[in-house]
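We call the chains A, B, C and D, going by the order they appear; numbering starts again at 1 in every chain.
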Amino acid sequence: MPKVVFKIDQSKPMRDQEVPGHNRWHPDVPVAEMVRPGDEFRMECREWTDAQIGDNDSANDVRDVDLTVAHVLSGPIGVEGAEPGDLLVVDILDLGAVPQQVGEAPGQGWGYTGVFAKANGGGFLTDYFPDAYKAIWDFHGQVATSRHLPGVRFTGITHPGLFGTAPSADLLSSWNRREQTLIDTDPQRVPPLGLPPLADNAVTGTATGDVAQRIAAEGARTVPARENGGNHDIKNFTRGARVFYPVHVRDAKLSGGDLHFSQGDGEITFCGAIEMGGYIDFHVDLIKGGMEKYGVTTNPLFMPGNVEPRYSEFLSFIGISVDHDTDTNYYLDATVAYRRACLNAVEYLKRWGYSGEQAYLLLGAAPIEGRVSGIVDIPNACCSLYLPTAIFDFDVRPNAKGPASQDRGQCAVTS
Amino acid sequence: MPKVVFKIDQSKPMRDQEVPGHNRWHPDVPVAEMVRPGDEFRMECREWTDAQIGDNDSANDVRDVDLTVAHVLSGPIGVEGAEPGDLLVVDILDLGAVPQQVGEAPGQGWGYTGVFAKANGGGFLTDYFPDAYKAIWDFHGQVATSRHLPGVRFTGITHPGLFGTAPSADLLSSWNRREQTLIDTDPQRVPPLGLPPLADNAVTGTATGDVAQRIAAEGARTVPARENGGNHDIKNFTRGARVFYPVHVRDAKLSGGDLHFSQGDGEITFCGAIEMGGYIDFHVDLIKGGMEKYGVTTNPLFMPGNVEPRYSEFLSFIGISVDHDTDTNYYLDATVAYRRACLNAVEYLKRWGYSGEQAYLLLGAAPIEGRVSGIVDIPNACCSLYLPTAIFDFDVRPNAKGPASQDRGQCAVTS
Amino acid sequence: MPKVVFKIDQSKPMRDQEVPGHNRWHPDVPVAEMVRPGDEFRMECREWTDAQIGDNDSANDVRDVDLTVAHVLSGPIGVEGAEPGDLLVVDILDLGAVPQQVGEAPGQGWGYTGVFAKANGGGFLTDYFPDAYKAIWDFHGQVATSRHLPGVRFTGITHPGLFGTAPSADLLSSWNRREQTLIDTDPQRVPPLGLPPLADNAVTGTATGDVAQRIAAEGARTVPARENGGNHDIKNFTRGARVFYPVHVRDAKLSGGDLHFSQGDGEITFCGAIEMGGYIDFHVDLIKGGMEKYGVTTNPLFMPGNVEPRYSEFLSFIGISVDHDTDTNYYLDATVAYRRACLNAVEYLKRWGYSGEQAYLLLGAAPIEGRVSGIVDIPNACCSLYLPTAIFDFDVRPNAKGPASQDRGQCAVTS
Amino acid sequence: MPKVVFKIDQSKPMRDQEVPGHNRWHPDVPVAEMVRPGDEFRMECREWTDAQIGDNDSANDVRDVDLTVAHVLSGPIGVEGAEPGDLLVVDILDLGAVPQQVGEAPGQGWGYTGVFAKANGGGFLTDYFPDAYKAIWDFHGQVATSRHLPGVRFTGITHPGLFGTAPSADLLSSWNRREQTLIDTDPQRVPPLGLPPLADNAVTGTATGDVAQRIAAEGARTVPARENGGNHDIKNFTRGARVFYPVHVRDAKLSGGDLHFSQGDGEITFCGAIEMGGYIDFHVDLIKGGMEKYGVTTNPLFMPGNVEPRYSEFLSFIGISVDHDTDTNYYLDATVAYRRACLNAVEYLKRWGYSGEQAYLLLGAAPIEGRVSGIVDIPNACCSLYLPTAIFDFDVRPNAKGPASQDRGQCAVTS
């Protein structure tokens, strides 16, 4: 176990940790600890909502979750010698759930997948599933099972949902401006188009006084991915992956968390991965001037690891950019196309006895692949979703007799 | 070689084949030949533009291509006993280029990737590359190389771009109505939002007289994927794949073509695969009443084959739904996000000496994966593009020294 | 299709081809055709026994096969500029069964796996299965099924069993001397320890007169692999593989055949692959002085292709170098260990209803992997055999209820 | 982290642990702790020699190692309800090095690969490398590097070398008898043909008095794999693997250790894996009467996990059962054939600047595959060795210019 440079006591909220992390992006969050290029080190992480969700059979906690505290991030870790324009090379050596597997915080032997209520953020299929739902997952080494999803067992594609470097002041201003412009086009929308800075419940690391107030007032919310990395929710940031993050401020200031035991492409339920706290081990290095050298200015580059779970048979669902419910055609809209592929998968799984909510939760959590298959054949974008057949303990492939439907229980619902 | 049920003489246009195929979707295109469930058979195919493109170093033929003749489809093949509501089970046993590898038609030992001019259809990056470009590929077994893309050599992920069943009359009406509604929102757009029925250059199989006229007048254009399958351009319809097509008319009427020696996810250059004529061998079967049994109503299901080219190291590019050129934020727009991932990849490859056009052509043709990574983190969708590093004969990974740029020639351009 | 430099008429024996091949290794077999480094070309091949086996339900033809005619090889193809000490770089661009899939020769839409009788060569488990058996396989693209092995369907790992360069006169002498020394230790053994030169039924290419007689008298039999390559029966010489053959004579003189639709590691039934005639497409090049440069003197090097069938779940059987039937311990004997692993697999498959003979035939033909797992733990070598579970149409994994045995027919037997 | 049922203090020898394990196989070793079918639990393990080897640059400790103390095993763990004839189903949930990564015991952030001297056990190539050698490996998550093997970096295929159930008294007698019979054929051989029971340095768990003496006197040495499982050294017992062990005594009595950070097939250097202490997490279950139900009597069955490191390009070396040094032919001897494949690989790597000893150590430790390719082509068995090219930081493939040899340092040698 490498040196721990960011410690978490899983029984306490982030605000009360010895060295607290933060939940807003801002250049002025103070460095929690410095490392050097070539160092290997461990960061411990809280689950992204700061452990508001419990290992129980009610989705009320998901329905009532307070998103102003999210995502709680560990860090920032400063890297000696890092300057704006460099690329920070980050190797993900290892990551996992909380080693102490007994406890009330997600990651202590269990995790969860949640569907948010439409009134509180919603998800990718929120127009079809407007209420809150939850599935609890038990961890068995790298394998997950759920009492809310009987008949399913898979190897997780474990990864961090969110890591990034600190934005510069200019970059932060640009984010706030362009996102507000978008929000202003429909400010009353539910769910909202974006989340502007919000001082309520801001956690600002070790900053105090004016600095803390400024961070709270100006800091960008952590939900989207941006030029610093951020909440990519790319399931392929697995063990062995190497990420090249743009550096926007002195010392780079690497922060993150939102560890996922597993996730399907798109993280479609919003809180769709199997969410957990845990640890992540890094090796860091620098490519001086790498942003210009490699033309990496708007987003990180990465190389996935070579120990992703290996599945070789898939059932694949297709969607095109047509809303079949309203018979409306959209122009090369991959978002609509992927949503239709997801809905087609849900419909298929219902024929085997799962509820729609269960199917939705499963697609968010299992190692499914979502592909942009055709994006030029006007007017229809075409996306596809690859579901490994081996994750089911029954033969889920189509056959001449028809699907073997049976009672497959139910996920956690609200009361 | 199974029985050939649709023959092509590659020296003649589709209209002049002994049994011509068709280039519009319509229920009344007469069956070219009947097969039975359980049969194995071969269909021969023309390249999708009916071989308007030549093996030369000018992109003028791409610039001037007449798209009203596309896609030329082989078929329809009728399947005995197929009725609306069934699923037609289609196994792709084998496919490949034209066995006679000397000749002027694409597929005779060579293929091409083209970027269409913005004035003639454009492509996914048409605002960045408004002119026509072309790369010629030479086939070596399953491997492709191009004099227009030195330093690159890869195993193709060979597949048909377009197969489908015939639409019913009602379904066809619905397509024409919903697409016209979309076109009407911006009828003068260049490139257009969609392509309405067009009698010019319609090829209508063995239909004659009134039937032929009706097909030409009403038949849906072949560019988009729809409820019958159609132009999916899903690179994973490889050897060994099994597709479950919805049946909308008696005998199912399976037609297709547009064979690709290889293609990247998205087929981003529009004519972006390595286009070729050739052959495809099928086995067919039926699941009676399968559409309702499995809830497969809007799109086919499929299972990819297990002989896709195996690559294990990737350089991955990320895009989010922000147009960084104009600093504009879009709401969970996967199309914008994938476009930015593509642009990031182009920028990276330019640092190694490729022109932007070469990079664009490469991303259209090589077996890259395009993934919908995050689709719920408001406001930014996040897509990613996986480029296998082994397709380059140099080490394309980032290193501390910077990229080894050198003169890598140029693709075919217009004069 | 590249230029055909060696043609076969599948209705005629090798001796009667327009340009006949050969069935003995000798430096003086005349070159059939010359090619140049950089050339791509096709060679057509007969099935290795010269098509003595038929598509029927009797194993009599396997029992009575005349092995003095085997292996019939296509070639030799001379490579301009090749000299002793070079490495001949051979890319396997493509290979497959006979394109004309109707006919009586193996490879014309079908192939077979045979177990030889102990009195006529035997196989790896000949003490357990001393009689002759056969299974006929039907080809469906890259997939094989057999009426003699119901419940099984797999993608073949297609490859040539035997290719090699010509030996020099000295090398040939050395082979004959060392093999005779081995044979002399037990000259009456059944099956024999080795096969010395034999003039009967020798086919000597276009050689005539004294040269033909010398080749027949001195030529090495083709059964084993040796310093020139030869009958490796390595299942991983698949499409896309690159082989580096040592060159022992001027022009290299590449010959081969014995194409396999599929094979398990070890080719345990002796005639154990799915045997067929067909074609193979090559690209050749030279590394001048490569044998010394790379220390490649005793055997070829190779790099497998990247389109091998992808399976991800295996049932694995273990064997150690103990003969449990006689309770005898052998010292680090991997041959005994692999035989025990095979016997363990046979025993397991019998519990599901296959006969031992069927199981034996299956292990010879399916894409199983045989590994030398432990070779130093005195006194027991440990080998393991990996059987892909997806090749069965039932769930072949152990479960608490016990195996679902049912009548699974029988293979072809002798009368 | 599941409940720890066997604890290790890595600063103490096995004999001095609170509950000591054992280093001989015997039915009377007392159960250390009981578990139930369905339980998940952790066992902690010492490195197999009880940590006689140090993290230094001398191979003297390897030369002088005392093998009478090996292998130190954790356990036995009793499984409630297990009876002779059952199959014990063991899922490997997780395993890894010692979590406390600072310390002097192998597994505390580092491991080693050793070549034993011929006078002290030797290894697979002991006639070519009769002295002792060592390489120290540093762990970085799942990746290993070695100062003794510059230019190499790979993902380990982590697994236990040795687990098994207790033998019955009869089975134990049979082992001792058959191995002594073998030893008696050449009792003075160096290295010996086998290792008979030896009371010296026997560790007998919590047994005392007469029982301890009987175990020491009769207990089978732990080096070979046998009917109870044992020292398989199968690299594919990875995370997610499921093993079905025969049960020979009441409670099954599962014991093991010898954890490997990585290993090549064959473990050719004898102490050839990357040896370490650490932990392993299991889930256990029973198939009552499973030995007879599935015909699993002589060796365990297993199913490998699906997170093995994924490599897709290999350089493959071939060996046949000919000793080219003496020009001697052996009859279908896979051991000789695999040895020749290993020697060919060593020779190749020497051309790039590695010493023979370095190459030998690398082949023992890296995730190479060793295959029994052809085992029937009399008289030559053919084995092949697959070396992933991506583990080198230079291009190790053959090219026309010849290998880029450079000084690559040296491994640890004796003084």
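Operating definition for what follows: a contact is a pair of C-beta atoms (placed from the backbone, for glycine too) under 8 Å apart; a residue touches a chain by one contact, two chains touch by 3 or more.
Since the structure is predicted, the reported quantities are computational estimates derived from the model, not experimental observations.
Enquirer: Same residues or different residues where chain B meets chain C? The copies count as same if more than half of the interface numbers are shared.
Expert: same
Enquirer: Would you mind telling me which chain pair, A-C or A-B, is linked by more contacting C-beta pairs?
Expert: Answer to which pair has more contacts is A-B.
Enquirer: Taking the mean of the CA coordinates per chain, how far is chain A from chain C in Å?
Expert: Whole-Å distance between the two chain centres: 51.
Enquirer: Which whole number of Å gives the spacing of the CA centres of chain B and chain C?
Expert: 39
Enquirer: Could you grab the centroid distance between chain A and chain B? Build each centroid from C-alpha atoms only and quote it in angstrom.
Expert: Each chain reduced to its C-alpha mean, chain A and chain B end up 32 Å apart.
Enquirer: At least two other chains touched by the same residue of chain C: list those residues.
Expert: 306, 310-313
Enquirer: Using the touch rule from the top, collect the residues of chain A that touch chain D in their complex.
Expert: Residues of chain A touching chain D: 1-2, 40, 91-94, 99-101, 140-143, 155, 239-240, 281, 283, 305-311.
Enquirer: Provide the residue numbers of chain A that touch chain B in the complex, in ascending order.
Expert: 87, 89, 121, 123-124, 174, 177-179, 181-182, 191-195, 223-227, 231-236, 244, 265-270, 272, 287-290, 293-304, 306, 312-320, 322, 324, 327-335, 337-338, 340-341, 344, 347-348, 350-351, 369-384, 386, 397-400, 402-403
Enquirer: Within the complex, which stretch of chain B touches chain D?
Expert: On the chain B side, the touching residues are 310-313, 390, 395.
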